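Consider the two complexes below, in which subunit A is the common component and subunit B and subunit C are the respective partners.
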Partner chain A sequence: MRILTLLSLLAVTSVLPFDRAQAQEITDPHAIAKQAEIAAYYAGDDGRSAARMMITDAQGRTQLRQFIILRKDHSDGGRQDMLVFFSRPADVRDTVFRVAKNIEREDDRWLYLPGLDLIKRISAGDKRTSFVGSHFFYEDVSGRGTSLDDFELISETDAHYVLKATPLDPASVEFSHYEVRIDKNTMLPLKSRFYNAKGEAYREVEAVTIEEIQGYPTVTHSRVKDLVSGGQTEMQFRFTSYNLDLPDSIFSERSMRNPPTEWLELRD
Partner chain B sequence: MRLLLIIGALLLLQFPATVAAQDNTLDGDWGDDWGIEEPTGVPVYGFVEAAMGSRLSSSPYHQRLSLAELRLRLGSDYTWQGVTYTAKGDLAYDDVAGGWKGRTRELNAQFSLLDNLDIKAGRQILTWGTGDYLFLNDLFPKDWQSFFAGRDDEYLKAPSDALKTSAYFDWFNVDLVWTPEFDSDRFISGERLSFFNPLAGELVGPEQMTTVDKPSGDEIAIRLFKTVRGTEWALYGYDGYFKSPEALTEQLVPTFSGLQVVGASMRRPFAAGIINLETAYHRSTDDPHGGQPLVPNSQWRFLVGYEQELMTRFTGGFQAYLEHLSDYSALLDNLPAGQDEPDQNRLVVTSRLTWQNEASDLTLSFFTFYSPTANDGYLRPTVDYRLNDHWYIAGGLNLFFGEQQQTFFKQFNDNNNLYLRVRYAF
Partner chain C sequence: MVNLLLTLSTRHRRWVFWALAALTLALASQLPRITIDTDPENMLPVDHPQRAFHNQAKETFSMHDMIVVGVVSENSIYDPATLTALHSVARFSAGLDGVIAADLMSLADVDNISQAEPGTIRFEWMMKTPPETVSEALAIRDQVADLPLLYNTIVADSDQAAAIYVPIKDKNESYRLAEQIRGHINSLDSADDWHITGLPVAEDQFGYEMFVQMGISAPLAGLVIFILLYMFFRNVPFILAAMIVAMATVVITMGLLIGLGFTVHIMSSMIAIFLMPIAVVDSVHILSEFADRHKPGDDVKNTLADVMRHLFQPMLFTSVTSAVGFLSLLLTPIPPVQIFGAFVGFGILLAFVITVIFVPAYISALKPATLARLSKVEAAQGGRFARTIQGLGKRSGRYAKFWVAAFIAISAISVVGIQQININDNPIRWFKEGHEIRVADKVLNKHFAGTYDAYLVLQSKADSQQLLVNAMDKQLSNAALTTKTRNWLAEQRDALLGDMAAGEFIWNLEDKLYEVKGAEAEALSELMQSAEQLGSNSKTFTSPAILAYMDGLQDYLLTTGLVGKSNSLADVVKTVNRELGSGAPEDYAIPASAQGVAQVLMQYQSSHRPQDLWHFVTPDYQQSLIWLQLTSGDNQHMTAVTAAVDTYLDTHPLPAGLELNWAGKAYLNVVWQEAMVEGMLASLISAFVVVFVMMVVLFRSLVFGVLAMLPLTLTISFIYGLIGWIGKDYDMPIAVLSSLTLGLSVDFAIHFIERARATQAETKDWQSTLSILFDEPARAISRNAIVIAVGFTPLLFAPLVPYITVGVFLASIMAISALVTLIMLPAVMTLARRLIFKTEN
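And now, the complex of A and B:
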């Protein structure tokens, strides 16, 4: 069983070292989706970024969230460790969210509540629910596994692929399908529109700004819109850096109670 | 205990004002296009909270008002040369107690001494174990008065003045907590909430409050822990005292007798949720064979819990918890004449149902304790609403029920209350 897993990981990695020239040749929609997942969620071997979100509700009232994300990949498209350290607003200050993203089983998730010094284990839940009160879902932050959907290439231009994704388990999600436009040059998803059973678009996730950081095309500003209510959340990333050589050991209970300050210093 | 506080305060004073302009690690400069003010220097955060609570029926022991306070929390933390200093304190006007009170909640310094060794010294909040509102191996002080009166959950945990050393190895990790001077629970004393006093054989309130004989010795708590492929394992040990004055001196003054605890726990994903198992043996060191009628017996504790998302944004958690008295026949043989026979087993089942709305600003929770052995229980429905990044409203009920006045939950029945809190956080 373990050997099989290893072999499948090797198979995935051999497809990789992501090459833009090669990328333009892909015709298999699943391979396109996988490349887009890797470009969006697995840049470098590890990474750090400060992030903040501006949440605007349908009445125009705004809220702010601010946090730092540390991430380390075990293999591209495979297992991944993530720590999210919140600094704003005041009520979530010093709260830490930890995810161990697994491939063959549900992700492990923990939340550290500093007021009680409590490390709470969170049961595997619906990942398409609000991430800390924003219009982003947990799944938008950690990535939706490409094995969960069936992909179809519905159009292609010199610059873009457009895929239609249909969930394999429709009962597990709120959409009936989504369409995603992927940039051929960077392989980053530029815009995803989610449709309900009536075929109406009700949700849109968009990469607003893409910058090249250490050679990796990186979304530094994204936006999700609730097309029904009119609410939206903007997310910005700053101080992003890759290949920091984050030690495996920091992705642990220790860092939740005692944050690894040397890896949280923000410098460009 | 004061010594640690003083050390903490000196450490806080020691860092020079000139470093105040240094970037705060977690904020940084966004060079802003959102018009958001970035904090400079040492951040100060906290909240102002007004809380009101009322008993549901009049009590012969207390006024109707169960909670009436205005609270200011101020906190700050700062990292300098690898040491993180944290200070948090509350200043509150408490109309039930009739006066102002100030309390330091945290005052500590945290740093890594070696690559794999962390120290946290001073006043701090400490928690471990796997239970939800049930504690087998967590012998850190709890504030039951706050919990039953409707203060924020955070106040269930009272601070410890302690030195915590954490060491991390390949095979396991260790937390060692030394509390130089015993910190008891903020137990139900009759001051704010009436309870059943077995000595008096009746419910008692503030009029009947007695002095308590508190030991001055230290406490040591240890945890060995490791997570292996998603399964969290832990072993625990404790040497100190019962956290509430359950024993009596020969002069019949309530006191805290000696306690040693060993235990273990496991927590892991199971089916669609999370399962946890925990056990502990509480050894009554002043009465190891159960023959002392004034000192509680040793006890086994067992817990099994399971939590799962039942529907989107609706989670259910369930626990079964057993307390089993050791040396039960010795206890019966030495029972003073006229005193009721205690049950050998106390079983408690709990459930926690939590629902959150789509915007996750409204949370409804319903926690239930029920003991089939004592036929009593405690219901704890709560509502939390977040208006924006600053304003929060919380409300809830504390409802105790049962058949017999002396059972654990039923004894608080006169204190059934409804509360509301409004908070402005900054």
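And now, the complex of A and C:
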């Protein structure tokens, strides 16, 4: 399994997307899931992206969120550092969210609120809470560890794998299972549907647009829908670039109060 | 005219029978289409501004109709067994179709905001899985006690009760949902007491009991009237005439109401029981007089002609005056009361028409043998009933001065009583004491901060959208823009004036900024800056000063003792700020800057239930809601709360640019009560004037007109004085009684005065006139009073309090007004006979 993971990792990161032959080799559902995780969350050694979200509630009312994400991987599928700098709306400008993603233990998360001049650690715990009021969860932003679910390949076509994921600890999540359709070309998850105990789909996360950036297939537009209330959040990514050689030092508490401005300049 | 009618109806009686049968059957076919309406909101017209505002506020802040499930434990609910049951009921309820699971509130559904370890903040489910030990259960208590928004709302500070608030999509489904939840609770074998309440449940239950009322009371009224008539006339075929009139009137009127698409509301559900006794009144007069006059061997048609000539005019007038009393309800601004008034008024006129056409036709078709039995009974009955009535007549004439003095004294006392009338209502008290809904209401309000909701909605008056449009206009005239960009901007402007949000424009503008260069980019950047600035400025409810104002208002409300608890955005901000800070009480405060508030709120949105924020503020932060929990649904109580807020506003003016409005069921009840009290006064006064004018016209005499109004004026004053003295609340059913009493009780005076004048003209001697008056005429009046009074008594067996109130009061009003008529009129006429009969003699 480890070998397979390594192989698949190579397939995505170096050989590049449209090599179908490699991808079709995989039959172990866990390996597919792991590879999808890497494709979605570990492209390049590091990366930067300007993101914006439009959150629409059931009544059609909207809220905006705009932020820049800096990310650096320690190893693909392994530890990862992340910084999220908010710029809109104006009254939350300079709010910073910092994550140190761990594999063996819970992630470390911190928060800087300039309005209160406060850095706060977010206690380890449930990551299936809303990401700043959107329909995305924290876990959608940082990635749900593939070790948390049991995977089953429920169908396969020339273009897609469809996996059914069942949580190993059902009490820790709000879904009873989810199904994810993964593109064989890019190994990116295209659509995940979450089901409740009654077997009804209530939530859907979808990659709307995929672009190739510096050779990495990248989701530049995604959408999560609340199938019950009708609310949704659109997230768009711009100015995505990979392998910037972000220094380790910027992923620190210091950067939260004093953002590393040179790395946040978008127009190059 | 009377003769022609009589000839036609008796000669073509088959036609009369068939036509009545056909009409009745045709409209009876509409009855199954009945739709029940139990929504107290419908006491106000759909487009009533305060009702529309209430519904808008409910929608804006997602304040759904709720079923409230309460669990009460003898010792403590913080026990694994109780919390396991609570968890199970909450999960079961959330899974039901028709429940808005995302907004369901209970220990098992809410988030705990806490500091898991020093210096950290944590959002986690309060009770994702039920506790297994008592100490785990007690840990939940400690956590929830720290969250002001939840404490005393989903758990009681007595530790003995917890609640599950189940929001539902359609309140018409509440009965089914409540039944399913009840079934689940029963399957749990819980040792605790469970209660299910909430307005939608009460409404549904009310609808069910309305059906019971209609199913029981109306037929029972029919039966009672039948028995009474039998006691009077001892002749079944004869009294069937009256019963047929009553049945046909009720069926046609109700069929018409339903056929025309009106819903049956609490008021219209009483139409049948109102019409039943009123409809037989005219028939009783005809039957009474016919029985008196008809001797064996007489030509039935001649007797009928005599009777009808005698009675046609007074019957027409009494019917019209009764109808006027009910039709005056059209002047109230309460649609169900209007429909009730209109259809009862119509029914009374219909009953008159059916009576004058059908009853003579029916009697003329009876066998002579049947009619022959009548006179015997009438003669035999002369006995005690007649003697009592005669005695009454003697006394009223002899002690005339005493009676008049007594009536003046009663009027004076009544006026004082009327001034003490207590205007109040409470829909939950429409259920009887001991009804499970009232029990649940009592228990839950004892334990919690209150299950009655009122909302204070604060909103910014600033039109930020217009300011943004102005900023766009400025750039539209900027020469730097290309035609393409200008067109785009003009389109955006139009969309913004339509229903596009400012946020969407910022989103689109940002896209555009990437496309343009140079001077264009500068122009659009400037616009972007203005748009963002306007966006920030328009976020009224992130302002610490405004939140502090709301906080102050809430503190004040708590000191009045009228409000169990209030919840607002200020509470959300303070709680989250505390947990972001030290977690200690001194950090339970509003941040110093609007940015601080916005950042605190973004953290609140990072929970499992981000949408909870929108119960207290709109996403544009221009409207905010303070949720008041009251422990009583008394309108008086709610009125005191609004008065308290007004007082506060006098000394603490609202921050500039804000306006404050009320919404919420408890408040809406006050609105329609006030509308009703005002409307009832208008309806009473107009009915009084119309009836008075009719009396003057009927008797062609101002003096007799005044005389006719005297007994009912005294009766109404007496009844309302009594209500004031005994402290019975002036509520919906009491309010409705006034104008219809007027229409009904004037009937007695009309018959009495009409006969008095006719008799006086013959005898020219007042003492002999009095003696004759207290023979057949007084007997007919008494009979009718008894029929109507007793006809309403089946309402006493109704399952709902308003029906009982109406039954008790109408029965007493009828009895009192008949008595007053028979005592007061002779007394006054005795004293003032010179003035009264001056013209006649």
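Definition applied: the second predicted complex is superposed on the first by the 246 of 268 C-alpha atoms of A that agree within 3 Å, B and C clash if a C-alpha of one lies under 4 Å from a C-alpha of the other, contacts with A are read in each partner's own complex, and residues count from 1 in each chain.
Heads up, the rule we're going with is that a contact is a pair of C-beta atoms (placed from the backbone, for glycine too) under 8 Å apart; a residue touches a chain by one contact, two chains touch by 3 or more.
Predicted model only: the values in this text are computed from it and were never measured.
In the superposed model, A:I68 makes contact with subunit B only, not with subunit C. Residue contacts after overlaying the shared chain place A:E253 against subunit B, while subunit C stays out of touching range.
Of the two partner chains placed by the overlay, only subunit B lies in contact with A:A100; subunit C stays clear of it. By the document's definition of touching, neither partner reaches A:K164: not subunit B, not subunit C. By the touch criterion defined above, A:V228 lies against subunit C but remains apart from subunit B after alignment on the C-alpha atoms of chain A. Legend: residue contacts after superposition of the two complexes on their common chain; A:D57 is shown touching both subunit B and subunit C. In the overlay built on the shared chain, the residue A:L266 is in contact with subunit B alone; subunit C does not reach it. By the touch criterion stated above, A:L111 is placed in contact with subunit C alone, subunit B being left untouched.
Of the two partner chains, subunit B and subunit C are each touched by A:D91.
Across the two superposed structures, the residue set of subunit A contacted by subunit B and also by subunit C is 52, 54, 57, 61, 63-64, 66, 88-91, 93, 115-116, 118, 121-126, 128-130, 132-133, 238.
Per the touch definition, subunit B reaches subunit A in the complex via residues 23, 25-30, 34, 36, 45-47, 77, 79, 82, 84, 110, 112, 118, 120, 124-127, 152-154, 156-157, 166, 168, 173, 225, 227, 230, 232, 267, 269, 272-274, 276, 307-309, 312-313, 315, 356, 358-361, 386, 388-390, 392, 425-426. Listed in rising order, the residues of subunit A touching subunit B in the complex are 50, 52, 54, 57, 61, 63-64, 66, 68, 85, 87-91, 93-94, 100, 102, 105-106, 108, 115-118, 121-126, 128-130, 132-133, 236, 238-239, 249, 252-254, 257-258, 261, 264-266. By the touch criterion given at the top, residues 52, 54, 57-59, 61-64, 66, 88-93, 95, 111, 113-116, 118, 120-126, 128-134, 138, 171, 174, 197-198, 228-229, 231, 238 of subunit A touch subunit C in their complex. Those residues of subunit C lying in contact with subunit A across their complex are 59-60, 62, 95, 101-102, 111, 115-117, 119-125, 128-129, 501, 503-504, 506-507, 510, 514, 532-533, 535-536, 539, 542, 577, 580-581, 591, 593-600, 602-603, 605-608, 610-611, 613-614, 618-620.
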